[in-house]
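Two complexes, one shared chain (chain A), two partners (chain B, chain C).
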Partner chain A sequence: MKNKNNLGESLNNAMRSLWNNKVVVMFVVLCVFGIATSGKSVSHTVTEVFTRFGRNAFLVLALIIPVLAGLGLNFGIVVGAIAAQIAIFWVVSWGFTGVTGLLMCVLICTPLAILFGWLVGKLYNKTKGSEMITGMILAYFADGLYQFLFLFLIGGVIPVNNPTLIINGGVGVKNTIDLTGNIKYALDTISMLSIIQVLYIILAVITAAKLISRLVKKRELHLKSLLLRFAAATVVFALTFVPAVQTFLGQDRLLLLNAVELACLGAALFAVYLLLKGMVGEKKPFAQCYKRPVALAIVAGIVYALTYVTAIFQILIAVSLPVCTYLLIAVICFFNRWILSTKLGQDMRTVGQSRTVANSAGINVDKTRIIATCISTVLASWGQLIYLQNLGTFQTYGAHSMVGQYAIASLLVGGASVQKANNKQAILGVVLFHTLFVVAPLSASNLFGSALIGEYFRVFICYGVIALSLAMHAWKVIAKKKEEKAQSDAAPAES
Partner chain B sequence: MKSKLKSAYQAIGLPRLIISAFFLIVLIMAGVYNIGIPALLGDVLRRWGMYGVLVLAMVPAIQCGIGPNFGISLGIVCGLFSSLIAIELNIAALPCFASTPVLGQWCSMLFAMVLGALIAWFVGVAYGLLLNRVKGSEMTVSTYVGLSIIAFMNILWVTLPFKSGDIKWPIGGEGARNTISLENSFGELLNKTGGFYLIGSEESGGLFIPTGLLVFFFLMCLLIYLFMRSKTGKAMTAAGANPNFARASGINVDKMRILGTAVSTSLGAVGIITYAQAFGFLQMYNAPLMMGFHCVAAILIGGASISKARISHVIIGTFLFQGLLVIALPVANKVLVGTDLSDIMRMIISNGIIIYALTKAKGGTASNEE
Partner chain C sequence: MGEAPYVLKMDGISKEYFGNRVLDNVSLSVKPGEIHALMGENGAGKSTLMNILFGMPVIHNTGGFTGTIEIDGEPVKIDSPQKAMELGIGMVHQEFMLIPGFTVTENIKVGREITQPTVASHIFGKSLEKLDTKAMAKDARKALDTIGLNIEEYVLVKGLPVGYMQFIEIAREIDKKGVRLLIFDEPTAVLTESEAARLLDTMRVIASKGIAIIFITHRLDEVIEVTDSITVLRDGQFIAKAQTKDTSAVKIAEMMIGRKVEKLFDDDKPDTRTLSDDDVILSLRNLKVDMPGEKVRDVSLNVRRGEVFGIGGLAGQGKLGIPNGIMGLCPAEGEVIFDGKPLDLKKLGEALRLGIAFVSEDRRGVGLLLDDSIEQNIVFSAMQVNGKFLKNYGIAKLYDGKAGRAHANEMIRELDIRCTGPTQAAGSLSGGNQQKVCIARALTLSPKLLIVSEPTRGIDIGAKKLVIELLAKLNREQGMTVIMVSSELTELRSLCDRIAIVSEGVVHRIMRPDDSDAAFGLAMSGAKMEGGAEQ
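For the complex of A and B:
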């Protein structure tokens, strides 16, 4: 009897969590259906999705901070993308290439994005409560200014003498700018070896700086832990000189198979570490601390075993990840989490929950909102850099126009809402949204004999999911208000 | 004197002052560059009537409290659909109109308008029900409802089995054409009705007065004016201006909002048909995507806010906005040769004015309901 109850309850819970994640569930179903009817091999789809993930994830992750700060979905990230594109144009016209070119882009677009973000934040502060509609309109407005700059001012007012970039006649920038040979794959082709080298140097500098500052301020040195960390890093660095390791790390792309293997190895090592920490460090008996490590090891084992299944193996060897780009995506995920633990992040949360409470707690609401917008704009501009260096062709007048829509739709597909968003939802959303994006035209041409239907369908999905979730959010807010009102009406009656 | 100036300035408002000044400047520049002013003015009048009804659709929406109706695309697609039906049935060339082709054209257009308005009414009621659930964020929701309906109808335009040669691609191609000629149905019907050259002639680029079009536009304005002055219209305005007060005086606020939305959507359907006949083509697919924004911008330029609009705002705003675009285009082409500035200008002006209106709105939402 009790068991039956439990079963019913857990079934109930499962149903409820399915209902709460109905958008995600719907898209999973759509994606599976799409993949099944696309008529292409799964590995083709997976390859495409991984490419698109590397391209777009950063932009979607740029949306999270404004949501936390109560600004809603920042349609204004288009402005950040525009900053990046202005930077790319100048860098290309000056003739910088490769990593130098990319770094130049970052150097130019970051201050621009901060300036734009500050202006957008100011505007949002003037239109509190309707940031989203302002952002939408602002995106179009900024697009107009951008086109004015690129079609008339460049060449017309600002002299640029570069026949590969400027329209014949000397006024206005060409429709497409080919990035091949200058910054295409500039980030994607940074090898693992150079990443490790750079990280090692950074660590060395930080260690030295810490030592010096502690010496100067005459604080305790903690020499042992510092040196231990540095020594560990040196060992890792030394390992890179082993020829086999060196050739492996010399690559810039990591085969998905290798990535999975490495992850499994990492998980197994972590499990051993946990076990050792529990038994030796905290001196607990084996029976108390075996559960997590063993579970972890089993999962790692199963995943590793799965790589030997032919179908999965074929997918895994078809996909190769650009390491540096994926690393940056991971870093931005950590950044989004880390910022919540800072004072600024806490302030943002408070502002997001209630501006009045935040104000009475002594938080400068307007400033916090501006900072959140600035961060989002800067991240968006970097995201657009990543996007364009991977794509390799820069559509001067179209590259930015759908940035906001696609990023926001991705985030919403992952189950986020206007008030709640996190990294997990962003990543899941990018995967689902872009899977659908890849398979929709293929399936439509398979099913209806017309790829056009699929194209329109995916645009419809993009707009539709935004409309749906905005409507559901507004609905919820009203229901909540009514509830509160009913409660406050009921309260005096009781007393 | 100073206070008088100040009050005049406040009555006109900064954006209208800038736009009017701009309008005059480009007009003078057109004269300086020796561009045929009569033809330009004729074009201004044509565009005025062309966009007028679409902009008029904003009035009931703003007055009933849902704010500027960015979702006017709902009405637009209804109008497009009914026009397609009228072409498909080939009403203009029915045997009974063989002796009087003009009558056939009229029937074709009126059929499209009535059918479009009717479909749009039902769509508008459903849309109003949705907007009642999302009070306070009507603008955000309606923008995306507008965008998604266009994308959705794109799928339909591709798949609907139309047979008429005017609609289908001549060879190959799927679904309806991008632009569908109205030559065989009701193209330029209103424009030509009573239209005449005030100055010059067609060859010399004279000033053409599209009498029928303007009369129709003003007639629609008058109808909406009378509607807004009627008991229902007043109740609707009250519901939009102060929902709590309206509720206290026994007005069903939600019903009034639905009514306003339905009227607005129906006007959208009639508006796009007016637009299409003046243009001579139906523009399918993504062409109407941004039309909602332009309509909102026009009425805001006319002096409306996101919670208050009058018929005069429609008339002034459409004239200024469209007139400016029409005149600026050839002037810009003379100044900066070989480029199309008008689209960019439209983008900057229309979105700039909407942003300006948003910053002026207190509390940020159209409805004051707490």
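For the complex of A and C:
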């Protein structure tokens, strides 16, 4: 009897969580259908999706902070993309290449993006409550200014003498700029070894800075923990000089197989750490603290075992990940989480939930919103750099135009809404949206004999998802109001 | 030197809004640890006084105020809410200033989070310091324990019962450092009876810790129960300050209402009307109206044919919801029987069609087409509802200009509308004349029942008198049934045969115009102590 009840309840819960995630469920079904009918091997699709994930994830993650700060979906990230493109143009015309070129791009586009973000934030503060439509129109306006700059000012007013970039008449920038040989794959090809070297140098600098600041301010040194940490890092660094490790780390791409193996190893180590921490650190009996570590270890074991399944193995060895790009995506995920644990992040959440409460609590609402917009714009400009260096060709007048729509559609597909978004939804969304993007034309040409239908379908999905999500948001607001009314009606009746 | 006897002393406070004096030489003083009631009708100046104390921008955007404020004997200048908070003044709002998606701790600590420095905060400034959630939870627990609220500090506010929210607000205020004066603005309005009783207990606990409390409410019984002293305001004037133990609910009610009842019109003609309890023109049964800010919960009453029926009560208690619900302007439920026929509340315009005319309290918003001529304003309802002033040309009905003009001229003459002619834009008229145009339009419908809502709001005293006289004339000479909804007791009492006092969305009592001031005061306060003196 009791069991039956439990079963019914858990079934009920499962149904409810399915219903709550209906957008995600719908897209999972569409993706599975698309993959099944695409007529291509699964490993082809997976390879494509991983490439696109590396390209686009950063842009989507740039959208999360404005959502939390109550600005809704920031269509204004187009402005950040424009900042990145201006930077790329000048860096290419000055002839910088490789990592140097990329760093130059970052140096130029970051201050530009901060300036643009500040202006966009100012505008959003003047149009509170309708930031999304403002952002959309702003994107068109910014596009106009961008065209003015690239079609007329460059060459027309600012002399640029570079026949590969400038249209024959000497005024205006060509339609396409080839990035091969300058910044194409500049980020993707940074080897793991150099990442570790850079990190090691950064750690050394930080340790020194901490020591000096503590000495100057005459506070406690905590020398032991500081040196211990540095020593541990040195050991890791020394390991990289072992020839086998060195050749492995000398690569810039990591086979997905290796990545999965490494992740399993990491998870197992983490489980051991958790267990030790619980038993030795907090002195709890084994029975109390074994659940999480053991579960973790079991999952890791199962995943590792799965890599021996032939079909999965085939896929895993077909995909290779650009390490540095994926690392940056992970860093940005941590950044999004970290910022929420700070005072600034708490202010943003407060402002996002209620401007009146924030105001009466002495939080500078306008400033907080501007900071959120600035962060989003800067992240978007870096995201566009990553996107273009991976793509390798820069469509001068088209590269930025769909950035906002695609990124927002991805985020929404992952189950985010106008008011709620997190890293998980962003990542899931990118995977689903781009899977569909890859397979839709293939399965359409397979099923209907015309790839064009798939193309229509793709565009339809992108805008359809945005429209659907906005409509559902409005619907939810109405439902909430009704619920509140019912509650307030019920309240006096109880008394 | 001992401690200053008063934690707060406001002296000679005067404030004008656009030449309209809303506070005139008012003073207020509160001792530490005292619960002080601030009493007065709507428009008596309570909220303006508190806005001044709290440094609200609305005060400083409209030319500031005169008078002095002293905190602990020190003269201070409060020019922003932040300044008020720094001085230790806290406010518990009537509508909750809480964030549903936050935990109790986060709400208590909003804007005042405890932080620890991080690497990034050394470089980019304090706003990147990490939140110290443990210390925050500890502080929140302490504040909750102080007021005896037994909820976990880590739950979300979203799921809590409404009654708890007020207490979380209080916890937030007392968690602020150095708080010495708390303002409670109608805190019991949304609470159930037991919750309200707990709130009063909590107020006593807070006061016993030496924090002064200013308690704004219209519930007299609560004032008698919990406060030490009271200040009464009326029409922006300081009326009295008294110790609560030296006074009584009846006396306070008298002080709040007590004004010389000046008859607004001379009722010298003999009353020839015959009113009968059996001849009911409008009957309301369990009417519920969802009008924002004027919610009607459950109203049942009968209006006799030929009488002037008054509906009074404080703002926000639901009196305005009644006519707006009947006319279908706000979503309403319940049974309305007009002249023996049930009225469909869902259908907009149904009431008009059956012969109920309505003069809205929102004259410039709902009542008039401001840019159109007086003539258009007078005839448009009748054209729409009754098909008057239309010529039928077969394919289309067109406006009959001649008839409309003639009717407008007649109305202008009859109601004495001061204007340059029927083509003048209604928006350019004075308030009193605009009101007459509204009444003229209602009369053009030849209604069986006329409902006027706040007919004298925002018009000067001379015009007021004219409007009241006009209503009296319509009733006495033409036998028209009139329902008058008004916040001004004086005008209700000078014209109406019976007055229903609405409190908290229900009809509290039906009074006669010659009942005593104290009885009216008690009824408007919704005091639950009738049954004693009256009845």
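Heads up, the rule we're going with is that the second predicted complex is superposed on the first by the 480 of 495 C-alpha atoms of A that agree within 3 Å, B and C clash if a C-alpha of one lies under 4 Å from a C-alpha of the other, contacts with A are read in each partner's own complex, and residues count from 1 in each chain.
Note that in this section a contact is a pair of C-beta atoms (placed from the backbone, for glycine too) under 8 Å apart; a residue touches a chain by one contact, two chains touch by 3 or more.
Predicted, not measured: the structure shown is a model, and the values here were computed from it.
> Is A:344 touching anything from chain B or chain C once the two structures are fitted on A? First, second, both or neither.
Only chain C is touched by A:344; chain B is not.
> Once the structures are superposed on A, label A:206 by its partner contacts, choosing first (chain B), second (chain C), both or neither.
Touch partner of A:206: chain C, not chain B.
> Of the two partners chain B and chain C, indicate the one touching more residues belonging to chain A.
Touching more residues of chain A than the other partner does is B.
> Can A:357 be said to touch chain B (first), chain C (second), both, or neither?
Once the two structures are laid over each other on A, A:357 reaches chain C alone.
> Identify the residues of chain A that lie in both the chain B contact region and the chain C contact region.
Looking at chain A, the two contact sets are disjoint.
> Touching chain B in the complex: which residues of chain A?
123, 126-130, 132-134, 136-138, 140-141, 143-145, 147-148, 151-152, 156, 169, 171-172, 448, 450, 452-453, 456-457, 459-460, 462-464, 466-467, 470-471, 473-475, 477-478
> Could you please specify the touching residues of chain C with respect to chain A in the complex?
So the residues of chain C in touch with chain A come to 81-82, 85, 97-102, 106, 110-113, 115, 118-122, 126-131, 162, 190, 192-194, 290, 297, 505.
> Provide the residue numbers of chain B that touch chain A in the complex, in ascending order.
Its residues touching chain A are 130, 133-137, 139-141, 143-145, 147-148, 150-152, 154-155, 158-159, 174-175, 290, 293, 336-339, 341, 344-348, 351-352, 354-355, 358-359, 361, 363-365.
> Mind pulling up the chain A residues that touch chain C in the complex?
Residue list for chain A touching chain C: 206, 213, 339, 341-344, 346-347, 349-350, 353-354, 356-358, 360-363, 485, 487-488, 491-492, 494-495.
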